[in-house]
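Chain lettering (A, B, C and D) follows the sequence in which the chains are written, and residue indices restart at 1 in each chain.
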Amino acid sequence: MKLPQDPQRKAEAIAEFMNQHDQLAVEFGMKIEEVSPGFAKVSMEVTSKMLNAVKLCHGGAIFSLADFAFAVASNSHGRVAVALSAQISYPSPAKEGEILQATARELSRTRRTGLYQIEIRKEDGTLVALFTGTVFVREDKVEDWISKSDDR
Amino acid sequence: MKLPQDPQRKAEAIAEFMNQHDQLAVEFGMKIEEVSPGFAKVSMEVTSKMLNAVKLCHGGAIFSLADFAFAVASNSHGRVAVALSAQISYPSPAKEGEILQATARELSRTRRTGLYQIEIRKEDGTLVALFTGTVFVREDKVEDWISKSDDR
Amino acid sequence: MKLPQDPQRKAEAIAEFMNQHDQLAVEFGMKIEEVSPGFAKVSMEVTSKMLNAVKLCHGGAIFSLADFAFAVASNSHGRVAVALSAQISYPSPAKEGEILQATARELSRTRRTGLYQIEIRKEDGTLVALFTGTVFVREDKVEDWISKSDDR
Amino acid sequence: MKLPQDPQRKAEAIAEFMNQHDQLAVEFGMKIEEVSPGFAKVSMEVTSKMLNAVKLCHGGAIFSLADFAFAVASNSHGRVAVALSAQISYPSPAKEGEILQATARELSRTRRTGLYQIEIRKEDGTLVALFTGTVFVREDKVEDWISKSDDR
């Protein structure tokens, strides 16, 4: 499969591929609501299987949502981007049944690295987590991964 | 249920409770291999449902493992500790079928805060992730949570 | 000395005290341009003594500017706030003679903790650094420190 | 000037150059106590000009020490390495007159990136700060910078 040339349509095609092939995104029921080059909005409902021992949404589930929005935004240009490091702060907890929305923005992008910030908010606007992540941009293209996946 | 007074036995009882009641730990098949006050060793096998779109273990799954070891170590003294922030770096990727082991160490603990470092390694010793986390120590006890859970 | 009751005037009085008594701020010629409860804008010119061995502004000097804006914003309410952890990313380098402006915003504040984000930009708007910091709020008041300093 | 071929002697020559040409290291009186490929130990005395408004060593000064040890360790192989991001936690404060020692260790190094951890301790062993940093490895050599500096 060839990806579209148009940056917006390319970002959409990549996002669709990632939403289907990222197993953790599938497992947690994440939905990509919006995507454009360097940008992604992803939502997820906190379910019972994401709770920790004190009945709050596990930091790992919140991180996973941020991390997926980060991956969609940083791969949207067509080159494979892998996380080097990430930082997350949790100003407010989340509970079962709440809908969380992660918005990933590209703050900087060079040929080999990129910096992204992801905010996770509840529907009422409460900030649940703030995530900052750095990627290393590899030589391979996302397209190559899509092709491999087509082969099977 | 009353927790044992002895610090080591108390840490073990808390760890057992957390391993059963942390839904994400259950979901991902995490096993607490060792625990002592301020310390925890937790292992997990990378399964197909943890893979991202380029067939590597999702950063969110790796983070979840580190985060659970962090939670076990920081709650082991008996007071509820909640994460304020965490940072993770990924020096090396992990693949399906590999066993990851997270070792959480307490670097500092005051009455209200604590600093922990978690290393995640493969069986051959390769460092997959380095995680640093800060907790805020709440007034409530882990025991109270265990009691609530007994009631049901 | 008693601090004003009015939140805005209190924040200004604290900022003025900090700008005079923070020795690193004095050393680096930092200027507080604006302050309000939970907010601070601080500027600094990159001088020759801030350069590293490859003639770029030292990460430590950039961090110091962010950290001071963070301190002014987080102490502006009147209680002493101390940094627990901070994270900084450097999307773009800074050079001698450039003016850097740090803008600190409060993202969250509870009775005992607070989360702040600081952006450092050049005059042309280029993002030089993004800083996220968490404070622990102590029992003592900034006022007590101002009084001690008056005594001498 | 040509750098020695031997890795240890090369690391020492680079460290010496950096200790002389990093203006912030000079300003703060930092001393490189030990260096080897991927490793550095640097000490600094907390002086009055490093204090914040509550008479503790400024986070920016502590960060600067860690950052310099990080720079020495990450440039020790001969290629210019620039910081992409760093995280610091402050388990314990430092005061005027105390000697701080930063030990930087290379946890991972690929052709284009590197991960380092720096511990800052007092002479009595107290952990003052824990720093984790990621570098991007540029194409240019430290040698080129040493040559340029010779020309003047």
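Assume contacts are C-beta pairs under 8 Å (C-beta built on N, C-alpha and C of every residue); 3 or more make two chains touch, one makes a residue touch a chain.
The model shown is predicted, which means the values in this text are computed figures rather than measured ones.
Checking B-D, A-C or A-D against B-C, more than half of the residue-numbered contact pairs recur only at A-D. If you compare A-D with C-D, the chain pair joined by more contacting C-beta pairs is C-D. Taking each chain's centre as the average of its CA atoms, chain A and chain D sit 34 Å apart.
The mean-CA centres of chain C and chain D are about 23 angstrom from one another, to the nearest whole unit. Counting partner chains per residue, chain A has residues 84-85, 87, 89, 115, 132, 134 touching two or more of them. Note for the complex: chain D touches chain A at residues 84-85, 87, 112-113, 115, 132, 134, 136.
Contacts from chain C toward chain D in the complex involve residues 17-18, 21-24, 26-27, 48-54, 56, 58-61, 63-65, 67-68, 71, 80, 82-90, 93, 145.
Remark: chain A residues 87, 89, 91-92, 107-108, 115, 117, 127, 130, 132, 134 touch chain C in the complex.
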